[in-house]
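Have a look at the structure below, then the notes.
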């Protein structure tokens, strides 16, 4: 027997390798005009993988202290061979990953993949999205430059708006009343230990559920195939769909490479705890829509602060959005129209507010 | 008013007035009403008293109500250093501040001196301020030579000759609202000194009889010293009194200019003294630093200041063929060489940064070259090439290294792009390969 | 390997070429990923960030009552050995307008030639324009080296 066959045998005798492989071999992916959206989930997973790899590599040189953070990132960017590449892939990768995660969420929403029996998949996915945004927020502070410092100040200030527990959350996040070196230590722990641990668990659950239930088919296609069974098409996951996914991953890597080579991530100016905020301070693009909304709200609405109302509204919106599957219990399985309407509004609001924030200055 | 229609006056309540009849009232009630009036009267008395109500100051009581030129602002006076130390009206003017009676308050018998004549004012202030033993009781480290200095000043000498227009103590320090010089509101706070001097010295009509320029304030306000002092708040920067003296104010003589400037600009003065200009200027009676830099409207010199082109000061004296002319030309060339080299390095570092390569350390190193250029510009005061050369060459070493760093950075940028293109090419091959594989698999379906 | 499909058999070279093509492409891409990562993992020559701890000089370099300028981070610093055998390390950037200061042995003071500012050997601004003292650094003597380190505080 060939070497490969020997190894296969060894694994099968212990782990039921063949059975596992049979499952993989039998997994199929439905093909229809919306099939391309199926790539988004795997893309996000792949990007998470690159973040973990580049993140671990950065950990070899990064120092999470106010005296060492900025300098260590500068060291990585200037002295370590390909340090600029690893760091830029990590920073750009984070943004691309958040983009694909949001796109994945919206595509799942509009294709109604959250319907029974996939409610838990949606739930775990939403929690993952919040974790991913947490990754973005906590990671942003780690280079310890002026932009990070003030973005963190503003962002954590918003949490203080939450009623009753707001101040406690602020102190918990900041490791004190103000953003200081203690905040950096905390955010570092959150970014490299707490969030990765939680994310790994949830990704495991999420993937397990996806495998368990198979790929969902959008209601319109479902109806069509029910009426015309001969139109139903599917692709074998391995190797057919996987090869296509592999192509997409190579494209994403190439994009990250181009971004890193032509527009490496900036160092900025070292954070000065006593300095004043740089002009035009604003959060990263994925938080801009909230930032812009809060800018629109008046300082006071009745007896309450405008910011408080804003934060409460967003909190409520997030809760409703997360629980959406439980509203969409359309017996016919096609999903309620109004939910699609809400989704269109949400997407338009997100894109519109983000665009406005950048264009209007 | 009672039924009789007589007005009650202060006088008639207290002491002598005539008996009043309160028709139809009981004795007790009469007493009560008298007491009430007495009480009101006393209140009225207190309400006319000035603040604070501890010590009575009848001078301020009246003079705060009087119009100019007798008006004294009680608020201004209370804030003054004199009032803070308990020196009030009587200390300087004599008289009795407890009495409301005009004659008593301002009686010569009580030592009342009224306002001293202008010519008497320095001596008047000097009575205390030149008395070391007296001043020791207030602030032992305060100088007490202001009066003797004043007598040596141009102001003091003209005053002694009978000129009343010159400045005396009160023209600079104020009269009743005198604040210590370190109080930013004081007229003699360093940042305010030029304005105070300018009250006379910038007034062309006022200064007409003296036939001296009146553009000093205007020039000073354009100067680098003014910018440093007033705009940046650097109290070490010079103002009128720094170079001219305050109490002993007089323009420094031609021989003393270098000494005056060198209290801060030590290196420049040392270099100047060691070079050929020292003797040359002395023999020509030229006023040292002022010859090239002017005195009041001192601007930040540029490299164009030294050399042989339009705008350079050297050609005012030196002409072609002279060693001085050649030296000026060479020195200018050296400064420009280093300046250009720094700009060249900065440019390449910027380009590297635009291309995406971090050049922070090299950019900071370039600051060393800028330091060398500053030193070179200082060393020109020796008007000799050697010290300038030393500094310029040190700077050129740095710019060479940073230029190379910039070139390396650009090389790194090119290397990155090459690497990227190779990776892209490989990715394209892989994509093509996978596409072909997919096509092959799906056109020949197995199983 | 047995190939049931007739069509497969008909183009063995093409198939072989495709496998070779794709295989080498994937291999090359893996090299393109692994090579930078390997280079990255190997620590560079300069292991320290360069800003916090520096060897300013060696014991014996400085004569008593003299000073030496050395690079610290990317700003100049000054190391002084006073007559009593004590080392002082200060920032050499004058707090007035940023000129580089020097040590004057005859008056045992740190002096800035730009506007005649003076500091004590502890960095305190004692005369002239400087508004603030010079930053003081820690001096650590180990083996034959004189280390200068930024003062540790939070």
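Some points to look at:
We just call them A, B and C in the order they show up, numbering each chain from 1.
Just so we're on the same page, a contact is a pair of C-beta atoms (placed from the backbone, for glycine too) under 8 Å apart; a residue touches a chain by one contact, two chains touch by 3 or more.
This is a predicted model, so every value here is computed, not measured.
Contact topology of the protein chains: fully connected, every pair of chains touching.
In terms of C-beta pairs in contact, A-B outnumbers the other of A-B and A-C. Closest chain to the protein centre (all Cα atoms averaged), using per-chain Cα means: C. In terms of their C-alpha centroids, the spacing between subunit B and subunit C amounts to 41 Å.
Inter-chain centre distance (subunit A to subunit B, centres taken as mean C-alpha positions): 57 Å. Measuring from the averaged C-alpha position of subunit A to that of subunit C gives a distance of 36 Å. Touching of two or more other chains is recorded for residues 74, 85, 250 of subunit A. Residue positions of subunit B with contacts to 2 or more other chains are 361, 423, 427, 430, 434, 437. Those residues of subunit C in touch with two or more other chains are numbered 29, 50. Subunit B makes touch with subunit A in their complex at residues 356-358, 360-361, 416-417, 419-420, 423-424, 427, 430-431, 434-435, 437-438, 441-442. For subunit C in complex with subunit B, the touching residues are 4-5, 7-8, 15, 18, 21-22, 24-26, 28-29, 32, 50, 74-76, 96, 99-100, 113-116, 128-129, 131. Interface of subunit A with subunit C (complex): residues 57, 60, 63, 67-68, 71-72, 74-75, 79-83, 85-86, 181, 250. Taken in their complex, subunit A has these residues touching subunit B: 74, 77-78, 84-85, 239-240, 243-244, 246-247, 250-251, 253-254, 257-258, 261-264, 267.
Interface of subunit B with subunit C (complex): residues 234, 236-237, 263-267, 361, 364-365, 367-368, 371, 374, 378, 422-423, 426-427, 429-430, 432-434, 436-437, 440, 444, 446.
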